[in-house]
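There are structures below to look over.
Next, two complexes with chain A in common: one pairs it with chain B, the other with chain C.
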Partner chain A sequence: MSDIPQGLVSFDVGKAAVTMNVDADVYPLQALYGAAFIFIDRCYVFIDKPAQGQFRVTLGARGTVEDEEALRRLVGEFANELLTCAWRHQITQDNRMLIEAVTMQAIGGAAGSPSLDDLANFDFSDDAFEDPLGIAQSWEEKHGKKAGAGEDAT
Partner chain B sequence: MIELRFHRDIYAGESVDEALKVFERFATWEREQTDDAWVVRCTHDDAAREKKVANELANYALGLTIRRGGAT
Partner chain C sequence: MSLAQLSPKVGFPAFFRFREVAGKVVVTNFEGNYLILEKDEFARYVEGRVTPDEPLHARLDAANFLRDTYRITEAAEAVRRRKHFLSYGPILHLMVVTLRCNETCVYCHASRANMDQVDTDMSKETAEKVVDMILDCTNPFVTIEFQGGEPLVNFEVVKHTIEYALRKNETVGKRLEFTMVSNLSLMDEDKLDYLMKHRVQLCTSIDGPEKLHNSQRKLATMDAYQKSAFWMKRINEKYVEAGLDPTLYHVEALLTTTKATLPLYKEIVDTYVSLGCKTIFLRPIDPFGFAERVRLRVEYPRSAYLEFYRNALDYILELNRQGVEILERFAAIFLTKILQGEDPNFLDVRNPAGAGIGQLGYGYDGAVFTCDEGRMLHAMGDDTLRLGHVATHTYRDIVTHETVRAMTLASNLDGQPDCVNCAYQPYCGTIPAHNHKAQGSIFGRMRDNNVCMVHKGIQDYLFEKLADADAQTLKIFERWTTLRPREHFVHDGGDA
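And then the complex of A and B:
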């Protein structure tokens, strides 16, 4: 495993625990929650906030630890999971509007078909949608022969 | 005695209380509130047992907090 940057992680083999400092700007709390939840059955997880914009995660082994390497593996796996969770969180944030729109459509569809009153009150005056690329045009409208000056249009 | 400081931005107070109810019979507990943390002190005659119970309580409180969607 590659070396972990200095100052980021500290090992305590005697207490079978490893502490990792996490930058809140890089890893949001929701990502930290996600990674912690996965590790909660493997080790003891404690999250602290020593300063604004910084989290401190302490992972404690459930049993005794032979050497520092075991703790190094544990924190390495946690860091990988944290990165995955942070990336998933970012994707969710980026697609939030889309997810909400799809969900609203699904819920709207589940409400059933509109009543006659709803249809009677529906405002049909507006254009259904804009069609700047002419997608809704028929083939004849788009590619059909134009009636020339000398041609018989009938 | 082991003192656990659950930061209010990270742990939900309800989750800490619920965890305390579950682990009440395994040790002697004291609780206190500060501006930024829920403080819990665990006492048990057996030091190893004390550490284990305190760690389990912290895990339980964190799990409940995550399940409810966070501290707020």
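And then the complex of A and C:
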């Protein structure tokens, strides 16, 4: 792999680890997560933020590594995956409507409309969402007269 | 004045993608029309310098490449036609009736078990539940494909499945088709009579000439090729006896392209022709689960594969020019999309891919997977693509599973770096299971992705031929894209 700009990467062959600094203005955090995740079967991956505007990624190989070249290959692969994830992140935002329309049609087409059995088995018991302001309560629940003695609650 | 009122200059390009092929430029648009331009034509097109009085303007306009005359409704209709498959669920249901197999193939270990491992047979109860799930599917046309292992090893369950499905389908009313992929070595006349009577389409595997086939696919008697060839001939005779048109009804075979296949492209095509096949599918080998020793023996760089493909295709075209009818399946799939504006719904070259929404795989124990590769990954200890079980999940649970959604999203080429700018995007597809195995994520990285390299290389070859515009080649391509349905194999609900 050709030379990496100074100060971005440091290798520790003894510990089979490499540390990379990633500019947070260039790569979104989502892309960093995406790229890091595909390494977890081969490496232990740590991400932290040592300074404002900078992420630090440490890949610790699960096995031994022979030399610095092996670590450099790891950095190269990580860099390519990071770029792919960053670009994908951008593209999926740009083409979001198209991608969503196709996905909805595909899943909707495959699933079809729910049968009566599906509806009967649907779990309505979960609270749909937290509602601290009581927005989802009926008007009567929120403002109606409380049922008192001798009165029926309506 | 609002932006909408701005009228673009005459000759201004509409959205397009391009790729240089053989000294010319292939341009494609959003809905998948294509043109092959000379370089100077392309330059004038890009710069908006094509004037209405020249023939190029008429070509660009007819194919909807101009901004000022862009016909949106026509484009939307074309996209809808290409993506017709989105309206229905899985068409292909792969049923592994057993893992047991009497053959030992060099490239197969995750998919087979020894003949004494009867615990890898599907039970009749599980088979019925699989059929129940299949018939719940939203697709009005379904294909049940019996696979293994070797499906003839568990023939009782194959028969039970067919009879149960036909009975149940009397009320469900789908168009139903059965296919079986078998090495044919356990075939006998009784089984064949049954399969003929129940109109089961048969397909086998041929790796090439006898020597190559027998060295890769081993029977204890060392005559795997002879057995397959014998039964292919016998089945073809049966089709003729049944009054079926032999040009349409004959046994087709699947090729597994290994390193040893590559230099033998002529011999392989000749073998297929001599066995009566009208189709050959030059698929590269999948990266699933080889031990290192096996990988070295069977794998090869994709550049070597593409050289093999080009040589083989040249030879196939030459044979066709001499009147031999043999079609290459990869080419036919892409050409149907390129020339006809249709999608033949081949699930591994689709956008989005077919995993979970176009196909489902059922393991012998009733586990359900997004695809056959999902089952192989499961056999290797990776359950990423397992969606549930026929005993505990409904059809809807399966197709709305988050893994299916993720794979649908991941294989959408409008969200894929490289593909968004690739001229071949309207005709292409990626395989999330392959990406997961080879590159660690279902999205993959197209720049160094083997499937992408193969798809790109094949389309380069086809567009070179289209650019050559040799009349005979174009006629052959036209024939390859003419679909002749095999209606004999289709059971309509109620005709059990």
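Quick note on the criterion: the second predicted complex is superposed on the first by the 95 of 154 C-alpha atoms of A that agree within 3 Å, B and C clash if a C-alpha of one lies under 4 Å from a C-alpha of the other, contacts with A are read in each partner's own complex, and residues count from 1 in each chain.
Throughout what follows, contacts are C-beta pairs under 8 Å (C-beta built on N, C-alpha and C of every residue); 3 or more make two chains touch, one makes a residue touch a chain.
All of these numbers come straight from a predicted model, not from anything done at the bench.
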{"item": "Touched partner set for A:F37, first chain B, second chain C, both or neither", "value": "both"}
{"item": "Partner chain(s) touched by A:I47 [first = chain B, second = chain C, both, neither]", "value": "first"}
{"item": "Partner chain(s) touched by A:I99 [first = chain B, second = chain C, both, neither]", "value": "second"}
{"item": "Touched partner set for A:W87, first chain B, second chain C, both or neither", "value": "second"}
{"item": "Which superposed partner A:P114 touches (first chain B, second chain C, both, neither)", "value": "second"}
{"item": "Partner contacting more residues of chain A (chain B vs chain C)", "value": "C"}
{"item": "Footprint overlap on chain A, comparing chain B with chain C", "value": "34, 37"}
{"item": "Sites on chain C touched by chain A in the complex", "value": "83, 86-90, 138, 352, 356-357, 394, 396, 399-400, 404-405, 408-409, 412, 414-417, 420, 439-441, 443, 445, 447-448"}
{"item": "In the complex with chain C, residue positions of chain A that touch it", "value": "34, 37-39, 41, 80-81, 84, 87-88, 91-92, 95, 98-99, 102-103, 105-107, 109-112, 114, 118"}
{"item": "Chain B to chain A touching residues, read off their complex", "value": "4-5, 7, 9-11, 55-56, 58-59, 62-63, 65-66, 70"}
{"item": "Parts of chain A lying in touch with chain B, wherever the complex brings them together", "value": "29-30, 33-34, 36-37, 40, 44-49, 55, 60"}
